[in-house]
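Look for chain A in each of the two complexes below; its partner is chain B in the first and chain C in the second.
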Partner chain A sequence: MTNDETKKAVLDIIADIAPDEDLSNLKSDVKLRDQVQLDSMDFLDIVMELRKRHGIEVPEAEYGRLASLDSCAEYLTPKFNALEAKR
Partner chain B sequence: MKSTRIVITGIGLTAPNGNSLEEFRRNLLGGVSGVQTIDVRYMGRHPAGVCSFDPLRHQKKKELRVGTRAGSISIYCAREAMADSRMDFSQSSTDRVGIFIGCTEHGNVETENEVYAISKFGYDTKFWSHYHNPRTVANNPAGEVSLNLGITGPAYTIGAACAAGNLGIIHATQMLRLGEVDFAICGGVSESIHTFGIFAGFKSQGALAAHADPTQASRPFDKDRNGIVVSEGGCLYTLERLEDALKRNAKIYGEIAGYCVNSDASDYVLPNPTRQAECVRRAVAHAQIEPKDVDIVNTHATSTPQGDIQECEAIRAVFGEGCPTTAINNTKSFIGHTMGAAGALELAGNLPAFSDSIVHPTINVQNLDPLCDIAGLVLNTPKRVAKVDTILNNSFGMLGINSTLIVRKYVA
Partner chain C sequence: MNSRSHYDVVILGAGLSGLAAGVRLAHFGKKVCIFERHNAPGGLNSFYSINGRKFDVGLHAVTNFVPHGVRGTALARVLRQLRIDRGELDLCEQRYSRITFGGKTGVSLNFSNQFSLFESEVAKCFPNEVDGLRKLVERIKATDYSPSAPLVSARSVIKEFIHNPLLEDMLLCVPLFYGSAQEGDMSYTQFAMLFQASILEGLARPFDGIRPLIKVLIDKYREGGGERRMKCGVKKLTIKSGKVSALTLDSDEEITADVVLSSIGALETQALLNYTEGSPAHSKQDVELGKISFAETISVYKNQPSELGFTEETALFFNDSEKLDYSEPKDLIDLRCGVVCIPNHFNFGSERTMPEGIVKITCLANYSHWAALPRETYVEAKKDWYDKMLNRVLSYYPQCKSEALLQSLVQHDMFTPKTIKRYTGHLNGAIYGSPTKNVAGVTSVGNLYLCGTDQGFLGIIGAMLSGITMANTHILTKGVEA
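Moving on, here comes the complex of A and B:
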């Protein structure tokens, strides 16, 4: 999985949990919560959907790694690829 | 000394056959049922009353994703009632506005959905939603209204089985009279068609309606009735002290005249006509009128074989003699049993009679059960009467809770 594919997977989740938001111009190096109205419960939704849709676990201590699309890609792409390798 | 006269100044509703008072009333006078057939999880197809209001009229998509159906129904009704009342809180504090919403139950829908969702993940509870608790707390519907409208006064639900719609209005009346709030949004709601448990429970009890034509499934007083049609719906009123309503030149739909709430203390599910009659009599006394002064009795009758007979027994005991002009009807024959919304919705369907003097009928009575043959029943077609000044609304519920609410035409 590429970093761009990871970002798309995260954006697909955000589109579902923040359906009123325009996500077309998100900057990937800026914090998501500075660009989209996401509260702490929404953030837990991202974690839950990564678990449900992709089987990826994000420990609470590492929630900060999901701050921006770039950091999501950096943190999640190896996880996606590790899961892929196991299949 | 503040006035103790409490009046209705706004109505917002959604029923299976109407999303405004005007549409609802038109369909009640036109004989239009709102019952259809739906898929119930694990149970196949059953008749049910489904509301068709547009939730996005007053909520964002995200609110719908996070909130509950009961919350959504409540917000729609509250917003419509507020608009109807023409009360504007945009420039003033809302800390003395109360939100009091009756519910038969709350949380079954959301819990069933979560159990179903984790069944897809081997019942692993790490997939259980973090929204479960805010969705299932008993105050959820009222809390969602508070969030949506930004109202900071007391907001809570009143659990009173199927008497809850009346209880919301009665509690608001009391809070206004006590001076605890200056304005109230009150009534009842139900999301019950989204829980299979309610259907399955009635089915196991032998009290779930079945009919080839869903529009004929709810048939109180008919010999062939066979049970309850479960429905969703909501109706919220704005209530104020008369002096406050007059001060702002508000439209007045009617005045709360009297009420009573009592308990059977005799059975979990079987009604008790002695206690029901006592409830009606005490409400009539509270309104300082006689039974003969009541122009419309809107019955609770849910179309169960036993319950309808017992309510008729209670009504016969109170109105059987000396009440030649009292008309008796039933709204569930059109919309099924809207559970926590029933008392509030069924009252609303009758309030326009204060101005048009027409009693909406009980439909689907093709073969009147002799045991339900009480004087004054309005069957199948509307009846024009000389005048309607007083409406009495019965709503009863499981565990033996009875409520009677009397509303009179407003006279200065």
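Moving on, here comes the complex of A and C:
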């Protein structure tokens, strides 16, 4: 899985959680919360959707790693790849 | 007993809070089943048919309306959490509504989904109070709704900003009628929540009433794999070592669940508890029995309400006694205050008009008096009070002629506190449950949580938010307790 694919997976989740947000011009190095209205319930949903859709666990202490699309990619891509390697 | 069904979560009651909780839990892979004693879902916001004509119970309006694009509100949160597309709810806004106190010589304040209208009405009728109102609104917007927020009286907070007792009553009127289980007053947080929902945000209605909304929830729930058993209540929760160890259904079948989420009411849930060893781990929290119940008439006319002389108002909140007396009436029904709702008067757009005129009248009613009436007297009393309620309300619509109404009438019905008890199981027919709210939803039984009316989020959107919040807090983010 590439970083771009990870970003796409995260964007797909956000699009389902927050269909009322325009996600077409998101800057990947800027915090998601500064660009999209996401409250703590929404962030929790991103975490739960990652688990549901991709089997990826994000411990509470590491929620901060999901702040921007770049940091999501950096943090999640190795997790995606580790899971793929297991299959 | 190896064949007992086991669920991750069992939800008691298929009302809006139970369904919303179910949607969340099923979506995230929990094995969940909702048990509902009645044959129709919706709980306090259900529906029924007579002679093929569809009626909604309860629903006057969906509160919490905000325009598309306004985010961070209760409505936006519910839509996101339940993955509902806003268009699916088909919310149509009210025209405007009126709060009128003191009869013909009294004061009227109109409000719409634009708060500026209400503010200008207050400025006109109570010029010295409008600054106070603005400050009160700021306070309301900054309200702390967390379970640890202190319990204070709404009246005491309003009095800090508003000095005219008539305006105090008028500000309380809509929140009281749309959600107070307490007589005469309500907790400040409940007031703030309901004032925000009904006056600062607004009223709306799906063209087809409550049904499409319930259908959306049920479809989502089914898509997520949730199970539902209708006409099947839970009659006993067996408590062992401080936890629900088994549930007995009305059919005497026994099932088990890791977690039980009950939307049926605090006292109603307590009544199911059956301790097999020892007494509750903690002393039983004192939960007061609710006393607020309503009677509601519904009249269906051949004509549109405006052709019959009703004004364009969507809802009318009236009171003609000196002080607003929101309490259990001494008589079967208290005619001095109440609410009229005309579903035709939402803005459905130019292409859609409801085929028949509908007028609903709601007044406070006394459960024990209605419940004590023998069958025949009960039927007579309903007829009698239907006329009394209608006649009282017609004084607010001087253009309406009762002969014309009678001629146009195609069907009418009425529910009483007894009806509410029968179909919702709420003790005392207490429509808003107990005045003692349990915002945290935690009980003395380890794996038993409350959602819905007695958890304390009110209205249709509030009920859904209650189910969502309790499912999130106690189940989804916590992991299922063994």
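We take it that the second predicted complex is superposed on the first by the 87 of 87 C-alpha atoms of A that agree within 3 Å, B and C clash if a C-alpha of one lies under 4 Å from a C-alpha of the other, contacts with A are read in each partner's own complex, and residues count from 1 in each chain.
Everything that follows uses one rule, which is that contacts are C-beta pairs under 8 Å (C-beta built on N, C-alpha and C of every residue); 3 or more make two chains touch, one makes a residue touch a chain.
Everything numeric here is computed off the predicted structure, so don't read it as measured data.
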Contacts of A:Pro19 with chain B and chain C, given as first, second, both or neither: both
Contacts of A:Lys52 with chain B and chain C, given as first, second, both or neither: both
Which of chain B and chain C A:Leu83 touches, first, second, both or neither: neither
First, second, both or neither for A:Leu44, with chain B first and chain C second: both
Contacts of A:Val30 with chain B and chain C, given as first, second, both or neither: neither
Overlap of chain C and chain B interfaces on chain A (superposed complexes): 16-20, 41, 44-45, 48, 52
Chain A-touching residues of chain C, taken from the complex the two chains share: 27-29, 68-69, 71-72, 76-77, 79-81, 83, 85-86, 472, 476-477
Contact footprint of chain A on chain B as seen in their complex: 60-62, 65-66, 121, 126-127, 129-131
For the chain A and chain C complex, residues of the former touching the latter: 16-20, 37, 39, 41-42, 44-45, 48, 52
Contact footprint of chain B on chain A as seen in their complex: 16-20, 41, 44-45, 48, 51-52
